[in-house]
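You will see two complexes here that share subunit A, one where it goes with subunit B and one where it goes with subunit C.
Right, the complex of A and B next:
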């Protein structure tokens, strides 16, 4: 039986703790007697018969809806939407769960004589997926059957001819989604819930939306009041999406939601990466030798080579649950399953939280983790992996380790470059950035062109990354980056430190001497339930 | 008297070309420039006076000459041997400090009636640079008859003298001539948006002049080195970027589209090229808007350039040379330069001075000023022993 996550109190016998550090690692000694480490749970037992579980979920839907096979009728218009390249992280080994679910749905559709089927990557303002990425997500069979006839494609949030305005929420939030989905008799949304933020009404209301719609919840005000956005009941981001979901439902957009959860088997139980999934004091001599060899090898490689190695990694996740049916009912069960794997109870907040940031976040799959994404993954994602209260007290210090190189992927992140050079050079204040710069970037024809025809994130996307961190920025008294490129770290408005010891010493200027420290040992994913 | 003299020596000139190609400024060591004892220049006629330089700057055009990069276009309008140095603050026999207006226009050559350009105050476009009672020379510092600033004394016509206000230091005053060039260049720029390529001394002064007249925003500047970036920002550039980032920045500022070649579909109305190289001119054509103008301020040489975008987008390519000195037709760029220097305390841009004897070091410093954190290098003649003879 897998062991759950837990909190380790660091004492003198505690070995150095593994910190992910971009395309590398650091081993760090945390101060004994006042530090603790939040460890993720071991991978839950996966479903033995995933395809059977999918069929069972489709035939036994949750909530007020019929089994999928009874919803499928000849002559109907069916649209299957699926989560894009940003999930899961790292990408999973083949077959991807989306492929399995989509194939099952298509089997039922074929049985029912449904022949008007479109399959859409619900990528909102993310970059378009390449053919290879689409093939990985949906499988070759589905891709070859649908893509050549134009029935498998990426959502385009800037195509005015293929967006439909649905209505507004009582709060005045405009709901505009993909026209094909809006006009369909049934939308089947195929979700991967890697974290509790994903899924629910956010799938459709965000994944298939336009900028006009997204700006109502991807903004500073909403993000500041999402505490955290991993806890949907306390997340304004989700409240807004749920309101939009109601508008969709009331307008007759019929959604059949299929959500799946994955276990924590990110690095596998064998091979050189397996050591990353073990607790340090349980490392065998072989594990230690493997780690030392791996680290030494990586340290000698140029960054591009390291990046290629890491980006090629495909996680051997196990599927822990599949649930289907009405959105709310499905999502409640999904979130419970995510929490079952990831949630760890932590007593009280610390003066300092430390985190080792890995090479990957939702927006740099097969790409470069640029400094804006470093900020987002640290202060946006890791900081928000909490329920209740943040791991660090208000005014405390966030210490994150990452190389933070001044480097951008020119194809994927063109507007990020301008954002970093122009906007952050001027101000790092999210509200000011939103007021002064967002519109120009969001409506920039060049960024729009690249988003629609190349593989670029939308012009406004770096703004969303910056809004993502505003709760963390607002909460923390100081943010320190260990091992980062100084000028890039400074551009972010953070403080650079060479070592963790230096960072902890700097932190004392803010939180006083001998601060308490909590380290979030992530990944594999762990979410703190701070009580 | 002691002077740096540039002679016509083809072999030395070839050596300078080779040395200068290997390292900027190295042409001074191996080329035709030498520190010599020569007779002071005779006063060519009535209206001429002796000027004893106090500081004399090293200009980009001087460096091009010393490294053998200057165009052969100049051959008929210079005369050998000459004493370089046209950015001069000096003093007259009565001790009055003056800045030199080095252009050797009709009045200095006793040409009467003056040429059509000089008649309308455009001395910078004088048509008689090779005629009159002076040897050919577009400016003092390139003319055998007058001498130049890299010496103990030179001859100057009274029309070439601008009194230096008492509140201006020598360091500030030596920048009057290059600042007048910058003021003149800025005056030619129409519209509000402007990009300045290059943040050497001339580029920085041009940025300052553009910002000072407050007609332009944004001013985008490229700067290669950290100190140049700092200066460009301080002197009024709204956006400062690396040279390689100019296309991206202009695109972002103007919301243009960009073709695969890097050519912007839109662009910025005015580009001021203070470098004058093949690369800078090509870049200027990539970022200038259709119907816009590229102002060539930095001295170009023989250039290889694809002019297709100039033709296709109806872009103007306009040279900007020197200055005018004020009459009923043209503004006084020198007067405005003095205001500019005073307002922005531009004397700070003089980074180092050298005695004549260390001319090789001085020129090396000037030629590599950017990566050594310097802006303007000058010869300091105030301490030369011969000076008081």
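Right, the complex of A and C next:
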């Protein structure tokens, strides 16, 4: 029986706590008597028969819809869409759950005699997936059968010939999605719901949309009113997507949603990384030796080698549930299953929240974690892993640990480089950035060309990363980065500190002496239910 | 006049060393001690599953055998993800690998390509009348490929008992249910041994399709010709409710045929034909031999080297 997550009150007997620190780690002593650590639950037991669970979900859909096999007819147009490289994190070991679900769907389609099938990576404004990444997601069998005939491809949000304008929500939000999906008799969307933000109507309304459509919810106003975007019922981002989902439904876009949840077995129970998943006081002599050896080795390796090692890690995630059917009914059950793994009740807020940021976020898989992404993963994702209230009180201090090197992937993140050099050098205020710079980057022909033909994120993507942190920026009194490259941290508008002790001392200038501290021990993923 | 160079050399018979340096003679009218068969269907292969033999076999497999297979067959392996998915759900228990059979190289190809943990505790069903025909081949077969003797000419309870006992001890079985190598490039109907063992031991059957090994060393050929082979592992099959060994065996054969179709075309086309019931059979058309050969194409075709025009300009 896996043990649930819990909150540890730090006292003098508490060992140093593990902080992820990019492609490395730190062990930090938290001040006793006024600190606590939010630990994730242990990985839930995975399903034993995943293929059986998929078949059961397809045959017994939730909500007001028929079993998939009765929706499939000869001569119909079927489009299967799936989540892109940004999920799950780290990428899971083969076979990926998307492959297993897509194969099950295609098997039913073959049985029903469906010939016209397209498979689309729903990547919105993310970079295109390479052949290797597509193969990992859908498997070699599906790739070899569909890619050579042009029936498996990446969504292109900048291809006017392959986008269809569907309509407008009562709030004036334009809905424009992939033409093939819009024209299909049935769209099957295959999700991986790693966190509660994923899935629901956001899958189609965001994953298959164009910039014209996305700008209505990926903006400062929406993100400021998403508290948090991990809690769909209190997220303006989701409200907007749900309105768009209604427009799609009313326009006759028939969506069969398949969502799956994973446990948080990120580092496995054996092997050198397993120690990262254990609670520090439970580290055996072997764990300690492994950790010391791993840390010593990593500290001596050049950054590129460390990055290669970490990026090659494939998580042994187990599948905990598969739901299929009507979007809303499926998503409610999915979110409950995500919470079952990740939610930990925390009483009250703290003056200071600390977090060790890992090497990975949704936008640097097989890539570089640049300073903008560091800000996004800390103040965007980790800060928003809450339900109810943020872990830190309003005006409190957020302390993040990450090397934050001034480094960008020139192929994947070209517009990030200019955003960092030009925009952030001028201002870090999200609203001002949105008003003054977004349009120029979003409509830049060179970025558009790179997005469509190379493997670049869309020109507007770094803006979205910055909007992602605006709730955190608005809420926190100060943001301190421990161990970060000073000039890069300053460019972000944050404060650099060499050690956690220094950072806590700096924080006292904002929140007063002897502040209370909460540390989010993440990853494996944990979400705070702050009451 | 030609000289005769091979004059007869007189054969010298060496004296037999005396007892106790050799076996004692059995007095007339008495029975000698029971002897352990040194070959044939009753050959005892237990020694080949003890630690020293396993280590020797693992070393052989990861060195000479792997190098030889890479040089001759360079196999492309597909479907390992299916095994990985199975393993994640059902664990590392024993399974029965069932493959079509074209060539002697099939066994080394599979022994070097079956993934862990099964490759470490694997035994092979080898024809007793071929692999165990004399003491030398018996010992080599047991040691090198972990074979146990299987009688092809008659139904043997002893063979089945031995295989079942090993499976129950956690060993996986590799078996070629066609009963021998293909004589003409087409497959032969599967015999029910694998299905029977799966029922008896309640273990899954992993269907495997091998393509291209017939080109390397088909039956009747003495020297191997390098070519590329493909190995496609299918999803493990377990007997369904109401299924008997006959039906289960038919399903195994059908699944291997579907894997063959998948290898020849692609997964999606193969699935559509499978659901439409039009998967090409492994055994080929029921027609005269020339038409069967015609339908097979020309598998023995070699890559021709570009010949330089002569004279060399």
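Basically, the second predicted complex is superposed on the first by the 531 of 531 C-alpha atoms of A that agree within 3 Å, B and C clash if a C-alpha of one lies under 4 Å from a C-alpha of the other, contacts with A are read in each partner's own complex, and residues count from 1 in each chain.
Heads up, the rule we're going with is that a residue touches a chain if its C-beta (ideal position, glycine included) is under 8 Å from a C-beta of that chain, and two chains touch if they have at least 3 such contacts.
Everything quoted here is computed from the prediction, not taken from an experiment.
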Combined model on subunit A: subunit C and subunit B, fit or clash: fit
Contacts of A:231 with subunit B and subunit C, given as first, second, both or neither: neither
Partner chain(s) touched by A:111 [first = subunit B, second = subunit C, both, neither]: second
Larger contact residue set on subunit A - subunit B or subunit C: C
First (subunit B), second (subunit C), both or neither touched by A:141: second
Centroid geometry (CA): angle subunit B/subunit A/subunit C, rounded to a multiple of 10 degrees: 110
Contacts of A:158 with subunit B and subunit C, given as first, second, both or neither: neither
Contacts of A:94 with subunit B and subunit C, given as first, second, both or neither: second
Which superposed partner A:446 touches (first subunit B, second subunit C, both, neither): first
Contacts of A:50 with subunit B and subunit C, given as first, second, both or neither: second
Distance of closest approach, subunit C and subunit B, by C-alpha atoms in Å: 36
Residues of subunit A that lie at the interface with subunit B and also at the interface with subunit C: none
Subunit A residues within the subunit B interface of the complex: 417-418, 421-422, 440, 444-446, 449
Interface residues, subunit A side, partner subunit C - complex: 46-51, 93-95, 99-100, 103, 106-107, 110-111, 113, 117, 139-142, 144-146, 318
Residue numbers on subunit B that touch subunit A, as the complex places them: 239, 241, 245, 248-249, 251-252, 255-258
Subunit A-facing residues of subunit C, complex: 78-82, 84-85, 88-90, 235, 262, 266-269, 271-272, 274-276
